[in-house]
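Two complexes come next, and they have one chain in common, chain A, joined by chain B in the first and chain C in the second.
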Partner chain A sequence: MSNSATLKTPVTPQTGVPAAEDKVAPTGRHPHTVALLMLLPAAVLMITFLIIPIGLTFILAFTNARLVSPQPATFVGLDNFVRLFDNDTFWKSLRNTIIFAAIIVPFQSALALGLALLVNVKMRGVNFFRTVFFLPVVTSIVVVSMLWLFLYQPNGLINAVLAKFGFAGPDWLGNPNTALIAIILMSAWQAMGFHMVIWLSGLQTIPGELYEAADLDGASTFQQFQHVTWPGLRQTRTFILITITIAAFALFSQVNIMTQGGPLDATSTLVFQAVRTGFQQQQTGYASAISLVFFAIVLAVSLVQRFLTRDKDAR
Partner chain B sequence: MTATATPGTIAQIDEPAHRATKENSHRVAHALLLLLRIVLALVFGLPLLFMIISSFKPDAQIFSDLTSIRAFLPVGQLDLANYTGVFERVPFAQFLLNSVLISVATVALGLVVNSMAAFALSRMRFRGQQVILGVILATLIVPFETMALPLLWWVNKLPFVDVNGYSQGWLDTYQVQIVPFIANAFSIYLFYQYFDSIPKELDEAATVDGAGWFRIYRSIVMPLAGPAVATVAILTFLPAWNQYLWPLMVVQTESLRPAMVGIDYFKQLNVSWGQIMAYASIITVPVLILFIAFQRSFVNSIASSGVKG
Partner chain C sequence: MKLGNLRRLAALALVVVLPLSVTACAKGGSTGGSNSSSGGEITMWTHNAGNAGELGAITKIVDDYNGSQTQYKVKIQAFPQDSYNQSVVAAAAAKKLPCVLDIDGPNVPNWAWAGYLAPLEGMDDTLSKFLPSTVGKYNDKTYSYGYYDVALTMVSRKSVLKKYGIRLPTIEQPWTAAEFTSALAKIKASGDFDYPLDIATSFTGEWWPYAYSPMLQSFGGDLINRTDYKSADGALNGEAAMKWATWFRSLVTEKYVPLKSGADPAKDFVNGKSAILYNGTWTAVDTRKKFGDDVVFLPTPDLGSGPKIGGGSWQWGVSHGCSDPAGAMDYMKFAAQDKYVASVSTATTNIPATDAAATQVKGYEAGGDNAVFREYSKKFAELRPITPGYPFIATTFTKAAQDILTGADPQKSLDQAVKDIDDNQKSNNYFQ
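Here is the complex of A and B:
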């Protein structure tokens, strides 16, 4: 800011600024001090509850820290990781988490784009459909999990509907072969509306003239999608891929409520194992090692996705 | 028609027939797309409708209705027994109160703290500004779940000073459910973006009139930031209301539990699906009503969360 100019401006009495506030913010005289004061609450909170815990993950993972313990934590080197990589449940959880992400990322983002295209039209009543598709998003995942726990019962609603069509539905959550798929379907059902809205806002940034021009050139609906819509959504695509992927790796609530990681660890996930060991068994050090693996994956995924999309930019 | 035979006529004559078939196929496509929308609306809407309808039915009837359309209709024996049952079985009023208190406090404090920080970053100049902004943006990709366990260990060590004096450890308190979630990188970012769009000349004019920075923030910028306030309020209310993992770990005392964790009681002994549906309906329907009432703000805030690349 133009300090020299504002310095000369006298503090006029008619503004009624009290003397105390005057000292803190005297007409932009000390922007530095005021800025620091305004940043202070957020800075203290973010350092305490975000930066330090992230840093602690890297330290605690190499200690034997326990949640409640009279003894101070000691450094144990790579012990936690040796135990971790030697543990079948960890590998199963890692595998389940990756499968979950690998299926739900393309599945959910593609269907959400489909929903967005379906409601990106000028039509009476289209708002009704947008609203209904979005309802599960404002419903808590806890409620959704409890509701679908019932829908997935062997004698629940889904199997009752399947029976109407002559299919005998499985015991969705009780069978190791279907439990993870059941959780994937439900999670996609819950979160799809969120990404539909993001796709939709991306679609609406594409200028209408492009479609008119394509129309004049005789482009088919599919060609318009291929040459106008898809390239126009590049930024939206990156954002959606990254957010869905990271959310997928953080899978916890559904598993904790519906299956407790079972049957036979078929739905156990990284975060579920971190909570089980770090909270229930109070092994903070070990849980931090799991968190670190999770952290590394998230970092790698967002770097790779950023790199891939940047590459396409250049072309 | 015949008198004006120009070279273009042949194409024009050809057109009506061509257009008719094209229109027909268009109409079929439209009908099919509408049908698809309706089927999808059923897929997304029916489970929630089922939840609300079932909350008024006795357990036996919920199961017997499953085999027909009656599952989605308010028919048979309907009463509030599940609702009274919920209140008898757990201190539900307390759970709800806790949830309201925690989410309102998180949103209100968050609006003040994050908007102030964003104001400093967007409208003032000082050394290290870009670095601070960079750090805040970098934390956006770290999901809460990665640091939840170290954070749990850490808050158990944090000192706390209140009217009763000094104590160590934040576990099992209200503040552990609120304070860690007040400052929010994404809220700061959204405010920052919005503040940037408010003309800086306003600050200069106010400065000439003798207003201090804090006054500019309070009386000029914030009153203009209504849409950003709504966006941040919505985007911080939903996760605060829906919090599950964190209260599950940090709260042992029943009277401090939020409603989301309280639902776990119903999975233990004597599962009553009617009561679960009633419980789920009470914590869901108010949010659904809020959503439908403020739909535009909700959708805009979600959409604005995707603006960034």
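Here is the complex of A and C:
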């Protein structure tokens, strides 16, 4: 750092800090510099694709910016938010998003834990089942959605199977009462393989001696689960809770492909509404306002979760 | 300590500035390339990367043009249709639009207003021979022309209609609303078909306004008042629109149409699940293959104000700010020849835009099997509202129509749609 001398002159007389700190790296490779250089690639990407867009969202939410327009955007104050809170679709989207998250978080994590326990046994062919359960995760969500679109048709496979047992299945995606449930089932099926693997890794960190000791004490399988497995999974639990919640709030692809928010807004979500408003309806400013509200909600939920989980860790 | 802070600050500043300078470089590069066409090279974008027939016909025109002179060279870039509009909007934001591009008809006013498109000069004579629905106009200026149009039709079978004693409608005497309903009731009563009619509700996107707003217009309603394009009040929520909404919903409640069609309604028709199929003329090839002479392509019913069908398909235009407008216009004139109208229409089996081309396209010659499609286009085609607010109107109408079909209160849905459309027109200062 040859030019550090020029930087030094105005600073040192004022503060009187000795220049000793600089002598640590005579070659000019100060540890901080190296650290910053290593940070640079990630920082550039984060700033370009995350910080700047988020910053823009904050600004655009208070303007009437449009996707296609010859006129420049002007500030309109809280106009977008007033319109948004007056919009029925917004409240329905918010409600759907919350219902989706509230159901899928316990449902999906429980199913995934069940699967993990099933494939956590030492026997032949268990790898086959692990692979089978993981397959939906590596399949594109678009492909999965298209497949389930066919399965859910009034005369599709699911209703055909139900008919064999004497039930007349509903028009799953066409009926406002069943559409959201249908999407929840399908989403849980698609994503639980991923969380099964996480649970599995958690299960395998629990030392075998604990189970042996429990066995000697005469604990039943359920008691072993209750007193050895469950407490041993605390860290994993926190991680799974947070990842499923965030994924649940960001629900979009399935809705976009299978129902386009319908019928009667029964499956509209905040992200879907933001994308529809921003791209199809070309209202960039309004869509930014939706995104901002969404951001605030997710932030609040994450903070609450962090608070709750940190509390437990400290105990 | 302070020095360390200062250095950290400098590094942070660098981190912040670097991405900006990278984008600045990218921008500098593009202006240097002057709208991606330099040295007589004219870039052309098209949406039909997934449509080999149409792309082939367009490529042939470009090859002919490049061979016919040495001053300009047109270069094609083909995009998949699904991402095409986004690509154009992104390119426009970056001021990197190609010189020549194709546009979906109803989007022309929006893009012309936004300054994406430049008016086509000196082509009025040529374009006066094109079907009106294939020429894109906004504010008395012409911005685009297309080689073909598509017509909507009721596909059915002579044998089926005869069996249930239903009159074969003609272009002069289409079915009336009452006749149509009684025909559906007769077919329904027989129980021979899952559904008497399939209106392809499984299609998404532009299909909904394209296919179902003509029904609304046939009842006497419309998407917006076309005198000044300021408000949809009365047009979209008036008495006629309410009649349409009630009728539209009754199709489902009477079980005349499925609430949601199968993934491929034409296949369901071919397999005998539906007796009448409401679809574009593109189904002619497959349905004829199966039923031969038995299949008929009937005019849409007259629901009060005469039969209506959607008009306007993909069209070509020149971008505003093209570095070589003379070259781009030269190509546009060259490409508007009848033989090219004929070749593109043949490749897509769509309705040729000019009379002269129609004589060269198999099926569209006088008395040909498809000649009636051209008659439908000429007589019934109604352009979608010519306002830059159309993309908003289209999505708003789609949502309202979907909600009504599912059973939402018609008046409430239509009033909400009118309010949304009016708000949008107003917030854009009526696109003045």
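Everything that follows uses one rule, which is that the second predicted complex is superposed on the first by the 271 of 315 C-alpha atoms of A that agree within 3 Å, B and C clash if a C-alpha of one lies under 4 Å from a C-alpha of the other, contacts with A are read in each partner's own complex, and residues count from 1 in each chain.
FYI, contacts are C-beta pairs under 8 Å (C-beta built on N, C-alpha and C of every residue); 3 or more make two chains touch, one makes a residue touch a chain.
Since the structure is predicted, the reported quantities are computational estimates derived from the model, not experimental observations.
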{"item": "Partner chain in contact with A:Arg276 - chain B first, chain C second, else both or neither", "value": "second"}
{"item": "Which of chain B and chain C A:Ala300 touches, first, second, both or neither", "value": "neither"}
{"item": "Chain B versus chain C as contact partner of A:Pro263, first or second or both or neither", "value": "second"}
{"item": "First (chain B), second (chain C), both or neither touched by A:Gly174", "value": "second"}
{"item": "Partner touching more residues of chain A, whether chain B or chain C", "value": "B"}
{"item": "Chain B versus chain C as contact partner of A:Val82, first or second or both or neither", "value": "neither"}
{"item": "First (chain B), second (chain C), both or neither touched by A:Ile246", "value": "first"}
{"item": "Partner chain(s) touched by A:Asn64 [first = chain B, second = chain C, both, neither]", "value": "second"}
{"item": "Where chain A meets both chain C and chain B, residue numbers", "value": "11-12, 15, 17, 21-22, 32, 36, 39, 43, 48, 52, 67-68, 149-150, 279"}
{"item": "In the complex, chain A residues that touch chain C", "value": "4, 7-8, 11-12, 15, 17, 19, 21-22, 30, 32-33, 36, 39-40, 43-44, 47-48, 52, 64, 66-71, 83, 88, 149-150, 153-154, 171, 173-174, 176, 260-265, 276, 279-283"}
{"item": "Contact footprint of chain A on chain B as seen in their complex", "value": "33, 36-37, 40-41, 43-45, 47-48, 50-51, 63, 66-67, 71, 112-114, 116-117, 119-121, 124-127, 129, 132, 135-136, 139, 141-154, 156, 158, 179-183, 185, 188, 203, 207-215, 217, 238, 241-242, 244-245, 248-249, 260, 263-264, 266-267, 273, 276-277, 280, 283-284, 287-288, 291-292, 295, 298-299, 302-309"}
{"item": "Complex contact set, residues of chain A against chain B", "value": "1, 6, 9-12, 14-15, 17, 21-22, 24-28, 31-32, 34-36, 38-39, 41-43, 45-46, 48-54, 56-57, 60, 65, 67-68, 115, 118-119, 128-143, 146-151, 155-157, 160, 163-164, 189, 193-194, 197-198, 200-202, 235-236, 238-240, 242, 246-247, 249-250, 252-253, 256-257, 271, 274-275, 278-279, 284, 287-288, 290-291, 294-295, 298-299, 302"}
{"item": "In the complex with chain A, residue positions of chain C that touch it", "value": "1-4, 6-8, 11, 15-16, 18-19, 86, 89, 92, 110-111, 113-116, 204, 258-260, 262-263, 391-392, 395-396, 399, 402-403, 406-408, 416, 423-424, 427-429"}
